[in-house]
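Look at the two complexes coming up: chain A is in both, with chain B in one and chain C in the other.
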Partner chain A sequence: MLLKTVLTRLATTLVTLFGVAVVVFTLVRVAPGNPIAMMLPPGATEEDIANLTRLYGFDKSLPEQFAIWLSGVVQGDFGTSITLRQPVMELVLGRLPATLELSIMALVIAVTLGGLVAVIGARKRGTGTEVGLDLTNGAVLSVPDFLWGLIFVLLFGVLWPVLSISGRVDPRLDIDFTSNFYVIEGLLRGRFDVVGSTLSHMLMPAMSLALPLAAMIAQLLKQSLKEVLHLDYTTLARVRGFSETAVILREALRNAALPTLTLVGVQFTFLIGGTVIVERIFAYEGLGNMAIDAVINRDLPLIQGIVILFAALFIVINLLVDLSYTLLNPRLRHG
Partner chain B sequence: MTANGHLTRRGFMGASVALTALLASGASVLAQDGTNLTIAYNIPVQSWDPTTGPAAVNPVLQSIYLAVFDRYIAQAPDLSFGPGLLTDWGFSADQSKITMTVRDGVKWHNGAALTPEDIVWSLERAANPETGNPMQFVWSKIGNFTVESNVITADVLDFEPALFKWMAFLTAFVLPKAYYEELGAEGFEKAPIGTGPYMVDAFEQGAYVRLKAFPDYWGDAPAFETVTIKFVTDAASRVAEVESGNSDVTVNIPYEEYDRLIAKDGLSGVAVPITDIGMIFLNDTGPMLDKNVRLAAHHAIDKQLIIDRLLRGYGVPLSTLEAPGYAAYDESIVVTYDPERSKELLAASGYSTDNPVKFTIQTTRGLKPKDYEMVQAIVGMWRKVGIEAEIEVYEIAKHYELRATDQLAPAAFYNWGNSIGDPSTATGFSMFGPSPHAVWDTEDLVNRIAPLFVERDEAARIQGYKDVSRYIAEEGYVIPLLQYVMPVVFSNTVSVTPYTSGDLLPQAITPAT
Partner chain C sequence: MKPHAHTLDVIKLNIALPNGRRLLRDVSLTLEPGEVRALVGESGAGKSMIGKSVLGILPPNVTITEGEILLEGQHLNMMTPATRRKTVAQSAALIPQDPLTALNPVRKIGPQIVDPLVRIQGWSRSDAEARALDLLDRVHIRDPKRVMGSYPHELSGGMRQRVLIAAAFAPSPRLIVADEPTTALDVTVQKQILRLIRELQQETGTAVLFVTHDMGVVAKISQKVTVLFAGKVMEDAPTPEVFTNPRHPYTRALIAATPSYADLDRPFSPVPAALIKDLHARIAQDDMLYTGGRR
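The block that comes next holds the complex of A and B.
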């Protein structure tokens, strides 16, 4: 059953990616602004314009351009970036680890913080503490992630400068890693200076991304906890002498977590999307920052590569969430 | 942790302390300590080939390129030209040939000696349309190079009066022939070398470049051993960088922030007019075909008020596309702020505040300081005299496309850079109809500018452009607004030499005395 689900999803993934490729390829070409116009010199003649257009392959028809690009893609060649002058696949794969590490750190913070607040809220249900947490959640949710970014820059970058404001790592460090997963490879190699620097640079952008999601998790999980805390098995646990906190953590949490898991899975893809603006604010060298530059410069091959990668990432994450949901929910597993 | 794996309060506190220590270890302040300098810069280096692709014509990136590479001819802070990798240059008496003397004793960052062949190869490569040099149209005007000792001679294939000024302008960098051919384009991107004062020590695409002083540099040794340029595209983050002490220098921040920061202890600033001007292109279409409307639109704008109120006084009002310091600047050409004159001109064409002339003005929003707000203010000023303009906001990429295809609205806000201050690269290309960058295309103006592109008498050429500027002002073919001022904020521990070209050169930053 599970294998069939996976195979079906993988097959539809290819179709989806092809659809995304067609849409993005067409959209970036019909959207206003073309890269040739952006690099025309003052005295360019018609011949110069024709030369540049031919040099970058824009002289061919749209279907021809698509066919050429697609034939490259199936061989793993997504073309060469117009502005960065390097292979697109090399560039996006080089930036992907930075965005993944940031997103995962944000997710960990969001789940930890949201879970903690939810448990406290459920434990203190019906008291002023719960009201206070609800109000705080509402306030946190009403502030968008990029604004949290600016608030953190002001607080921990300027007024109390304990965290790094921009970049991903201290530029003075010599990093000769084989991958761009600085945290993971840093831990494996025992380069704690790199790990510390990377975490220090990631903390503010990760917190900016995490806070709105943490508030959502806190609200949903607390509500789910409150519902299951009325059920018989939790009452039985109390009768057996468990403290209220133990009832929540040992008995209620597992069953209450399923709706939250779905939320986390769906929101994780949005969280990756949210990195675009947050990475910009913190000059964090991830895919999002690169995407903005690519759009500004109308770097069509790079935009295509980034969008395809984002699409693939979203599909894989959704697939993993569905699978984990199936594994955790016995009714689905045996259905 | 307890034996059963549960986290105790003591364990939690211990873990928190360890995590804090780990984070603190990574949050060290980078600012200069006498040998190191950190700059928060507003645009990331996209490519390390300063002669091809879009990055090569990005004026803001030239500062970083100039730290690593050298141009054929150098430029001083006041726009004057001086020896670079060429120590002597000039046309022959009949202007059919050029000669260039190559500086002795120059080394590439890999230790190899600079040769005249490097210069020739760089010029020939720049002229080859297949390499994608955007300024190929200039470099293709010379050819048939011969080398004798350290003197290069070439034929002038198509006379370009500003040729040697172009040698201090966009894409005029010398690259190492043997090294480049050995590594290829991709290899060079990963390990670029030049002859400049700094070597690329580490580069993280989109994050930073770390430069090390080149010990064998032919010129004065730079003051700082290491320069870290962090690419911080968000202006608020750049402000935070310098305010927190994480960076020593930053640039292109909002003027309000500039005033606030330089009032703080420990920070200083310089703000000088640069070769970048704000203007409104007029298109020869619809209501703009009426001279009265064009002139009324110009006379109705109080440029000084815009500068004072929106740009906090940082700007110089302009009446022509030639700014002070440019070779063809003529201070006698003045288009005054005169709303009554505007009303009279509009009345002569049958327009008034009750029956306004209507058109669209396009602008970017946030590309230049207060661009949208300036256009809003201008539209307000126009409304008072009988012009009703609708604002259309677009991205700069769309502007370029519309301009290249001559589809801009009757009015369009833009900024024009010209770091060599030559009139051909200001009034010339921006107002010469056949250029893809020109918007006003009428024959009268084309006929006045075309001969100046090939004028062999320099004095006559400069005077010719002054005459053209006067003619444009009288006809109202464009609305020059102001010369921008570039704000640079820096720690009191350093001293910054500003360049009128808008460059912020690491080698021009020294420890404060």
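The block that comes next holds the complex of A and C.
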């Protein structure tokens, strides 16, 4: 039963990834903009252009190019970046940790902040506090992540410069880590100077990504909590002497969390998409920043590699969300 | 007056909606220790509202406008909400109407009985667990250990109501409010549950406020009856007397309207519309004179 689920899941994953590969491969080649033209200096001869075009295989037909690329991909070779002249796989995996750490930090902030506001809102339901929280939520939600980025730069980079506004870590630090997971490896190695510097660089971009999601979580979770707080088992808990806060945390929260979990799963993928522009604003050395450069330079192999990786990431996240359902809801564990 | 003479005193209780419409009108009743009092009336008569007022679980828009509630001699509506909650939890419990929605679906049965004993009543965990097992056994659940480790969806409606009865009796309350505890169950299960509540009630000497619309149930379980109509007490009398010699015409009509399984050929006689109209007219007159506690 479980094996069948896993196999089905794996098959759909491969089909999805193949679909994404076809679409992105075709799209970057059909869209205007010539990578060869970007590489050569002005005044290059027709012959130079023809040579370079042949070298990168752009003279072949689209299906042929796709077949060549795909045969490399199944062997783990995503080609070589045109601008950076390094294997795409290496480049992308080198940047992935930075983006993962940033999005996970954003997610943690969003869930904590949103959850807290939801619980307070549910506790103070029907009062002015709830109205105030609703209004704040609406305001926070209506400002997009990149605008939050600019607001934070202005507040904590210019007016009160306490946080670092660009980069991922203080360049003066000597980092001889084996991975690019600066926060995780720094914690494991006890290099708290690196952890501190990375976190202080991450805080503003993470907050920019987290705030709109936090507002969404707060709103939906509060609504679900309020619905659950009408149900008989919460009434019974009150009769048994539990305070309203205890009723919310012990009885209502887990039941109310399910719709929010779906939202978080879907929104987390949007959040990772949001890293593209937010990383740019903070010159954060992650995948998103690299993606923008790749698009500007028409670095086709790199674009393809990044998009495939994002797609794989989304699929993994959805899988994790599905798994956490069964943890939260015992009714799904059987059958 | 001796303290704690009564388990429950409700004195001239009035509750109302924000628009001033009264849901209970000067309701008074008492409950002696070990006594079962039935609250009967049609839907909307306010019978559940009395229990909810006592337990402090009225809907948020309904407020007590006038009157006193004394639980074991303690004035409930003079307390702060936190004290009131603790006092109620110490002396009273609820058997809810719908066992399907009264258990938390994501928590196991065991903790749902044990946790209040440990966290609110201050028992040790091992005492509380022993108590839960004992009570599950007393409500005739065959494998209490297994049931403690089950989730609600793994049990039938009747089983869940047994669990809820066990949970209600677990902290040895002096008063149990049973809010139509058999209405949501199959007819065959209803009888077992009713017998069970009576059994445990007699063993423990707990007073029970039994809310029902079924005169048949009233006859089986209670010693006293309060008949309600539109939030007003029509009759308050010992149960046998109500059946042999009902004083109020509404009580008579209610008994006549109870279907009898023994005599299926007897024609159904609903409460006469003229009587209801007359009662409503009198209540409207009362309401015109009522000042809602203000002068």
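Just so we're on the same page, the second predicted complex is superposed on the first by the 330 of 335 C-alpha atoms of A that agree within 3 Å, B and C clash if a C-alpha of one lies under 4 Å from a C-alpha of the other, contacts with A are read in each partner's own complex, and residues count from 1 in each chain.
Here is the rule we use: a residue touches a chain if its C-beta (ideal position, glycine included) is under 8 Å from a C-beta of that chain, and two chains touch if they have at least 3 such contacts.
Keep in mind it's a predicted model, so treat the numbers as computed, not measured.
J.: Once both complexes are superposed via chain A, do chain B and chain C end up clashing or fitting?
T.: In the arrangement built by aligning on chain A, the partners chain C and chain B fit side by side.
J.: Once the structures are superposed on A, label A:243 by its partner contacts, choosing first (chain B), second (chain C), both or neither.
T.: A:243: touches chain C, not chain B.
J.: Who does A:195 touch here: chain B (first), chain C (second), both, or neither?
T.: Touch status of A:195: first partner only.
J.: Using the touch definition from the top, say if A:8 reaches chain B (first), chain C (second), both or neither.
T.: neither
J.: Quick check for you: in the superposed arrangement, does A:129 touch first (chain B), second (chain C), both or neither?
T.: Neither: A:129 stays clear of chain B and chain C.
J.: Could you look at A:231 and tell me whether it touches chain B, chain C, both or neither (first, second, both, neither)?
T.: Second partner only.
J.: Once the two complexes are aligned on chain A, which partner has more residues of chain A within touching range, chain B or chain C?
T.: Between chain B and chain C, the winner on chain A residue contacts is B.
J.: Just to be sure I read the superposition right, which of the two partners does A:254 touch: chain B = first, chain C = second, or both, or neither?
T.: Only chain C; A:254 stays clear of chain B.
J.: Considering only C-alpha atoms, give the closest distance between chain B and chain C in the superposition, rounded to the nearest Å.
T.: Least C-alpha distance after superposition: 13 Å.
J.: Following superposition on chain A, which residues of chain A contact chain B and also contact chain C?
T.: none
J.: What residues of chain C sit close enough to touch chain A in their complex?
T.: Touching chain A from chain C are residues 55-57, 60, 82, 85-86, 88-90, 92-94, 96-98, 101-107, 115-116, 119-121, 151, 153, 164, 171.
J.: Quick one: in the complex, what on chain A touches chain B?
T.: 32-35, 37-45, 48-49, 51-52, 55, 82-87, 91, 94-95, 150, 153-154, 157-158, 161-172, 174, 192-193, 195-201, 203, 280-285, 289-290, 292-293, 296-298
J.: Looking at the complex, which residues from chain B come into contact with chain A?
T.: Where chain B meets chain A, its residues are 22-30, 36, 38, 40, 44, 46-47, 49, 52-55, 57, 129-130, 132, 134-138, 170, 185-186, 189, 202, 204-208, 210, 226, 228, 230-234, 236-237, 240-241, 243-246, 394-398, 400-405, 425, 428-430, 434-437.
J.: Which part of chain A faces chain C closely enough to touch in the complex?
T.: 126, 231-233, 235-243, 250-251, 254-255, 328-331
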